[in-house]
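Structure incoming, see below.
In order of appearance the chains are A, B and C, and numbering begins at 1 in each one.
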Amino acid sequence: MTDAATPKAAVPAGRVGAYPDAPDAVARAFDVMRTTRAAEADGLNLVLWYDREHAAKAARDVQAALDEGQDLGPLAGVPFVAKDNIATLNLPTTCASRILAGYVSPFEATVITRMERGGAVLVGKTNCDEFAMGSSTEHSAYGPARNPLDPTRVPGGSSGGSAGAVAAGIVRVALGSETGGSVRQPASFCGVVGVKPTYGRVSRYGLVAFASSLDQIGIFGAGVDDAATALELVAGRDPLDSTSADIPVPRYREAAQRSVAGLVIGRPKEYFPPSLDPRIAALCDRALTRMRELGADVRDVSLPHTDLAVPAYYIIAPAEASSNLARFDGARYGRRVPAAGLRATYEATRSDGFGSEVTRRILLGTYVLSAGYYDAYYKKAQEVRTLIAEDFQMVFASGVDVLFTPTAPTTAFPIGAKVGDPYAMYLSDIFTVTANLAGIPGMSLPIGRVDGLPVGGQLLAPHFDELTMFTLAYNLERVLGQDAHR
Amino acid sequence: MAVTRDDVLRVATLARLALDEARIPALVAELNGILAHMEELSAADTTGVCGISGVGDAGLPLREDSGPQLSLATSRESFAPAMRDSFFLVPRLATHGDSADEVP
Amino acid sequence: MSAAPRAAAGAEPVQYEMVVGLEVHVQLKTRTKLFCGCPTKFGALPNANTCPVCLGLPGTLPVLNYAAVQLGVRAAHALCCAVNDLSTFARKNYFYPDLPKGYQITQYERPLAECGWLVIGKNPDDTPITIGVTRVHLEEDAGKSLHDRYRGATALDLNRAGVPLIEVVSEPELRTAKDAGAFLRVLKQLLEYIGVSDVNMEEGSLRVDANISTRAAGDTVLGTKTEVKNLNSFSAVERAIEAEFARQQAALATGTTVEQQTMLWDAAAGEVRPARSKEDSHDYRYFPEPDLPPLVLSQDWVRKAKEELPELPSAKRTRFAKDYSLGDADIEVLTANIALADYYETVARGHEDPKSAANWVMGELLATLRATETPITAFRVRPIDLARLLDLVRAGRLSHSAAKRVFANMAETGDRPEEVAERQGLLQVSDDGAIAAWVAEVIAESPKEWERYRAGEQKLLGVLVGQAMKKSKGRADPKKLNQSFSARAAG
């Protein structure tokens, strides 16, 4: 299975039919999916919803269009999966929550429309932490997902199902979402590439909101090129999302041809604390050495407010979540638990529908917004957020092009290891939440292994400079070669 | 600013969550545990710092005052828990006598 | 907070005064909703005007309607507010079944506009009574809950959910219920004039909540306020304020404190009573709406919107006095609403005599509208046709009473006055030949009367003219007949 995560040769850009026959590719995706379900007693539980018939038909339609000579672009006929919090027309969108059991959205997300317009074929909706709240994909109403590289361990989260689906070889491309690292951290745990674009780069229309000011749709790829190709397809202004930016989308795949010579890479000391596993630090330094060998300039830098990121994040995200999840009241859609009277029905519906982590965060978020606490918590956290964003602005203004850090402080941990201690779980996000708070792009790519488990290196770039980030990523992937996976 | 049992109950009421009696002590402890870490924030000097909510100083894009009305691929009945004569139905809101349901 | 009773033994009973502020919600006249493209039209089938966005389906996002901003800014200018170059949206969180997202998108910390005023009348010494306008902000409406349609169930119609509103908040500067009523009437007229709203209380496009507190006259500290809701007419507002003031006065006089709470007006009982509400319903947990970046308006745009502001009622009143030499009472009637004022002005411009135009509009026209319960916008007589009708009267081609008959027919048919008068044979004949012939006939048939008239009995002229009118079947111009008889007598 690890073979599937190994980057294959980059797919030539724009050549129709570069991928194998679409129905074939989709059939193979389903065949692999089946093995992941059969692998263990309860399988890896990566994909929650799928419809083989429907996907096969979509693949035939794409193939027919290609056979007619239509140029759909480089993702034509490519199977992909999407996290279960992204609205799709033909498969359920439950956010891995009981409160949305059986809910099929009557509209679809802009990213799905754009992927399908490019000929990609949706083959499944993936498991995740309920409403994307978690770092391990254990908080799913449909049972935990497992890491394909070691089924006793978590795939990371919250987009663990999408990361795992790429690692298991079901697909080369997957959509996930990030609020505090939910794409980059599972990418790191599963040994795949995970990209969180700049806030506003990709439309959020159709992404079920967790914390609206932090949420961004992200992309998993088996290799850098897969992710760059998919991002190019889905990025860009969407009139249905007021926070989507009207900024032209560069050809990210052209970054493959760029050199890192002269690029300034910052190594922020706060991301390499003395407590960091020295083996992870060593893999990071190996990657930096390789970059230096290719002509990049590596500098030590400092982002002094990094320590405040997790506390600020765990005020802002639950606060927004408490409001975003108010709509799940069983009145217009979703699962209703009847009780005597309206209020009792609300409470029965919500208490039964939400799992423990979601309940905890709604309570926390409601508390920090409630009368008398707003200034001390929410307002203060937003001010601290400004400080964190300014840290990045200053470093990038000083001539640093990209930052390089570990993606997560650990490798994939065993299932059950952290569920009892919410704050320990929250610390999994310690290196990733900063990018969400500042709105900058970030990505994780494999840089080696510790005890056979993947370690991800994180790249962070200035707003809307995904191109530079990809330039470094393409070069790093190339120069590390198989070292990234052993 | 320790979170009390009453705080948790008050907040649960605001959020329309009925809490299991048995879970309340644990929730009080968990919230206190999480918020204890948040006290680090109060130590940060934010004098003169404005809060941000999201990014994008590009301002707010506006839409023309015209359609199209966004469509629904399936009928409202297909996703609504209860509908009659095109109305969504919910259990009756007590308008008299019942102090549980308030007027907004 | 509460004003303490001050009834010292033997002293005069304490005089109390009311302190009233109003919150007025006005539906803006846009084609589509505030944050989605659904139509705002009243009267559609339940939930027909809903889409994923206004149903609050998971994954949807708001996109602000330009026209709502435009109308909101226009209202702000008319209320003399300062328009903020940067305003922000916020979420007001509460659970209610007709609030699809579980929060209302409104403006909180930085509203669209602030610090305005409205002149609501004159003091006895002719100085204007000015009431401060605290703020004008944009927000979305909620849907409708129908509690009595089905047994045991509340029915939700979300067609109104997401319809754009402005909320106009007055300063607590109103001191009488009458002034509160005046504020609302002047506000309604103003908003209607500038075309931002239909301001129709029956259809719910204007809704009012009143904040009321009571204090001993002369106190500067405000008493505890209550908010009175469910006010569905201007007179209900006035009566509810009086009732709540009486209740608060009684409480203070007996040393009871006034509790801060929401009250409901019961029009049938003529009293206010507390809404059952928990404390928590007031903890709205406002925070900035992350789905909408701040609304930034350029100074140029704001200035231009001010320049393009239509004529306001006060300016129109001044101009009508100057241009048409009308008295205050007439102007009051004619400028009551913009449609009537526009109608009058078209008539007045199309006809030489603005005073007679005013008399017709205030007399026949308003009477007809009232009798037929027709809004002026649906009235079949075009103002230019009314002007033509008045021209015919002035030219002596229609008698005043014939003109009334013609007007009545025009109101039914929408036909032109000449056509109607012709059809009904009401046009006066002033043709010299015809007049001379009728005069000659009368002289031939009534030689005695004619002779007496010639001999100087002036009063017989009326008799002769009357006979001639009869001969003409009422169509002859009486003035011409007069002239003709007297000319022949002299000749």
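Note that a residue touches a chain if its C-beta (ideal position, glycine included) is under 8 Å from a C-beta of that chain, and two chains touch if they have at least 3 such contacts.
If you're wondering where the values come from, they're calculated on a predicted model, not measured in any experiment.
Chemist: Please identify the chain lying most centrally, where each chain is represented by the average of its Cα atoms.
Modeler: Minimum centroid-to-centroid distance belongs to B.
Chemist: Sort out for me whether A-B or A-C is joined by the greater number of C-beta contact pairs.
Modeler: A-B
Chemist: Per the centroid of Cα atoms for each chain, what is the distance between chain B and chain C, given in Å?
Modeler: Each chain reduced to its C-alpha mean, chain B and chain C end up 39 Å apart.
Chemist: How big is the gap, in whole Å, between where the Cα atoms of chain A centre and where those of chain C centre?
Modeler: One centre to the other, that is 56 Å.
Chemist: Averaged over CA atoms, how far is the centre of chain A from the centre of chain B? Could you give it in whole Å?
Modeler: For chain A versus chain B, the centre distance works out to 24 Å.
Chemist: Identify all positions of chain C at which a residue touches two or more other chains, and write them in rising order.
Modeler: Touching at least two other chains: 52, 55, 63-64, 95, 97, 154, 156, 158, 283, 285, 287, 290, 292-293.
Chemist: Among all residues of chain B, which ones touch two or more of the remaining chains?
Modeler: Chain B, residues with two or more chain partners: 10, 14, 16, 53-54, 56, 58, 60-61, 63, 70-72, 76, 82, 88, 90-93, 98, 101.
Chemist: Would you pick out the residues of chain A that each touch at least 2 other chains?
Modeler: Expected reply: 103, 106-107, 212-213, 239-240, 242-243, 322, 326, 329, 331-333, 342, 346, 366, 370.
Chemist: Can you check the complex and tell me which residues of chain A touch chain B?
Modeler: 89, 103-104, 106-108, 199-200, 212-214, 239-240, 242-243, 245-246, 305, 307-308, 310-312, 314-315, 322, 326, 329-336, 338-348, 350-351, 354, 359-360, 362-364, 366-367, 370, 373, 376-377, 379-387, 389, 422-423, 426, 438-439, 463
Chemist: Touching residues of chain A toward chain C in the complex: what are they?
Modeler: Spelled out, the residues of chain A in touch with chain C are 86-87, 93, 95, 100, 103, 105-107, 109, 204-209, 211-213, 239-243, 319-320, 322-323, 325-329, 331-333, 342, 346, 366, 369-371, 374, 378.
Chemist: Quick one: which bits of chain B touch chain A in the complex? Just the residue numbers, please.
Modeler: 1, 3, 7-8, 10-12, 14-20, 27, 30-31, 33-35, 37-38, 40-42, 44, 46, 49-56, 58, 60-61, 63, 70-74, 76, 78-82, 88, 90-94, 98, 100-101
Chemist: Where on chain B is chain C touching in the complex?
Modeler: 10, 13-14, 16, 53-54, 56-72, 76, 82, 84-93, 95, 97-99, 101-104
Chemist: Under the definition above, what is the set of chain C residues touching chain B in their complex?
Modeler: That would be residues 30-32, 36-39, 45-53, 55, 63-69, 94-97, 99, 142, 145-147, 149-150, 152-158, 229, 262, 264, 275-278, 280-281, 283, 285, 287-288, 290, 292-296 of chain C.
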